[in-house]
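Paired with chain B in one complex and with chain C in the other, chain A is shared by the two complexes that follow.
Let's look at the complex of A and B:
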């Protein structure tokens, strides 16, 4: 008697479960990949004289650290450019991951740290001497903290979107950027100028590429479900 | 005799010129539009309440020449302040970043901090002590300078850092402070003897990329942010925002901070109790001291 209804009931349950799954499942997310490149002649990077901090001078003696204003890669590509969704973002996931910014060998690692508004990031001093970390925002609050060797990393965040230049007053060659963005859809180019921004729901977006020397450029891109679009940003480089 | 035509013309021309000059008001008294970005502001200093409406008039009279109609430090006198000669540019109120605070680095100062800055002036700069203004007028000015930045609408002043009572200075506290001066690498900017001539000193710039000099302790008591031991404590525990001087609040414990204050006093050519203790000790033990600087810095030198 009961077995008679078993199969149809199961079937109905399965079909409705499948329908429900289809209804709540988000449409497949798309990806934008590409490269940031330049035309023209970019400025030449110079070796940094770290003789004022003998430990660092010694550490990099064989392979001097170069300035990082414009770092180029093979095929006229640009490293340390930030690409992000500047319009069309349909709600970004709140940031949960804590990022990290290191002071190591008298350098900032990474040179450019993109982050989302209100995202926590850690600032650490891995060197056996003191650094002062002095970001220079205009919209956000400006602070300046000393970090003697061996002090634990401290956590910071910014509540307004801004490109923030970072410096160490003790070691004036140290220079980096905090790029605070109102979106979680961002990427920084690697040493081949490549970037990839995934998890974009179908829609129309404006993407902005920013480079500390070249400024910004924008491109519109439309993403269909599950699609991967490839775009290239090209900056005109001038030696300075 | 009829006057010559030329003489008449000259006379008429001169009269016309005089009339024209009289009609143009003196430049210095011309009305300058002050550009503020917030609504009315208040300040609270003790039991005095200042308001920006009244402060506006005092700003126009006393401050606009240097700090400018936009409050950005670009008044007509500002061009004569040469930071390469050690003269700081007037404060840019649009940034709402202030050196002398009782509050942690990265926070707005209290109304009292700003009031004290106006009253005290800034040693080594062109900012005078505004003792000639009444307390009410100075409080009104505090309220008014807030109208140059919307940060005063969106943020609250920081909570003043706690300052425990000062323990008495003795040779032990001074020597510990000296060790801290070495370990915290104060000498990298301020120099081994505190003369403002450390290895990083020539490259220092402020947040507007103007050159800036580290404090030279040999100049005596001319601190920018007050003269007392408490003021000195606040300087390195809050940092002087906008300048290369960072905050040490997270890395120096309060008892150590007082040790450092006691040592810093010995760097000044003053008749302070600390200097007296130090001189007596150095006379008999001076040879035991390791010099301050890269030689004894961990990881530095050699």
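Let's look at the complex of A and C:
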């Protein structure tokens, strides 16, 4: 080509390549970590009397199971709190794996199962007697399922975001939660009250922490490329 | 041939009755454990003997009639009840009626003691709630007062089976809620039975107590346990798919062990 066009064309090509490279490479993903804590006096958890199901009563005789409405840990931390992105969500991935919910020793394991909308989860009866799981949604469709001992696990999913209380029709003390969320950016706090949500592209997010007794709390977090932000949620606890 | 039928009828009656009489323990209730139990057992036995006697008698008479009428020549008419069918029916009604009224009269004392007499003022008051598919029991706690019941506050997952409101109701804060009924021996007990949902029934064989729990009613039931032990409380009114499994345990403890147990429970509230 004519030499007087060579440099401009080269410049255009180089700039286009640079722009293209920047557009194709994903922005570095950030993380939000932290703890959920409380102030004040939380209600006392009570030991569960399972005498009407003798197998479970015997299994837990040495170490009684406590109610799980408010489970706390050292340092005033709160377990079973769900932290999730409630506004400004980007980069959420669709659900891929099937989660699992077990009925074992007359308890629901885990106590709180967070999941995404339309995510499959499997409900299994690991006990040698009847369970009848009965989730109580208000937006999703309500069903209950009887599982005599030895029944294979069945799969379910919910198509609307909701906090769903779960009970057993046969064992009144059994209680859990299905937390159906519209985002893949969520976590549930462990026995140290900690959570970690990763894969967040740069942006402004609102995070919500939910606990079944304390309710919800929000916090805004701004993530720049690839950084880890640390936040704390503190709920006010009352003894009753 | 027909005479033989009459004889067989009587033989079968006598053999089956004898079997029941001599092996009655197999079919009788377990040893009673309550103050009124003896009276109820006595009444049951009298009813059994009275109706049993009439049963055997009527089968023997039937057999005799068959025996007597067998092989007669054509045109033979059996003897009839003097006066005909109407006086016979009246006689039957009077006979059965007198038997039933006698049994009622004789049994009225023990019935009244259980259902009509009020509980002793020193009775230990325990609140009993039946719901699909478990029984829960509530004691008043150290303050001696029961908290109010608020059905909208029932939250089984956190152990609030009765719907207590400890935040606003101070009397509810120390109420002891348990899943097994524990009572002291030889002390009058007053149960208040109520249902959270459908009809249930409270039945303890050894206590000779059997009471339907009807939703909307608070039903008092009093008794005194006379021996220690662990007994079954079963629901005896079909209440849903879990009815077959609905039960709780009654523990009758010596007085000092019960006091200790109650103190332990109160300390946990």
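Everything below uses one rule, namely that the second predicted complex is superposed on the first by the 216 of 240 C-alpha atoms of A that agree within 3 Å, B and C clash if a C-alpha of one lies under 4 Å from a C-alpha of the other, contacts with A are read in each partner's own complex, and residues count from 1 in each chain.
Here, a residue touches a chain if its C-beta (ideal position, glycine included) is under 8 Å from a C-beta of that chain, and two chains touch if they have at least 3 such contacts.
Here the structure is a predicted model, which is why all the values come from computation and not from measurement.
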Looking at the combined model built on chain A, do chain B and chain C fit side by side or clash? clash
Go through the superposed model and pick first if A:218 touches only chain B, second if only chain C, both, or neither. neither
Looking at the overlay, what does A:132 touch: chain B (first), chain C (second), both, or neither? both
Contact-wise, after the overlay, does A:55 reach chain B, chain C, both or neither (first, second, both, neither)? first
With both complexes overlaid on chain A, does A:238 touch chain B (first), chain C (second), both or neither? second
Which superposed partner A:46 touches (first chain B, second chain C, both, neither): second
Kindly classify A:149 by the partners it touches after superposition: chain B alone (first), chain C alone (second), both, or neither? first
Contacts of A:169 with chain B and chain C, given as first, second, both or neither: both
Thinking of the overlay built on chain A, is A:93 touched by chain B (first), by chain C (second), by both, or by neither? neither
If the shared chain A is used to align the two complexes, which stretch of chain B, 24-32, 96-104, 132-140 or 204-212, clashes with chain C? 204-212
Interface residues of chain A shared by chain B and chain C, listed 52, 129-130, 132, 146, 169-172
Which residues of chain C touch chain A in their complex? 131-135, 155-159, 161, 166-167, 173, 178-180, 240-242, 245-249, 268-269
Listed in rising order, the residues of chain A that touch chain C in the complex are 43-44, 46-52, 67-69, 129-130, 132, 146, 165, 167, 169-176, 213, 238, 240
Quick one: in the complex, what on chain A touches chain B? 52-55, 127-130, 132-134, 136, 138, 141-149, 151, 154, 169-172
In their shared complex, at which residues does chain B touch chain A? 95, 97, 104-107, 151, 155, 183-185, 188-189, 199-200, 203-205, 207, 239, 241-248, 250-251, 294, 297-302
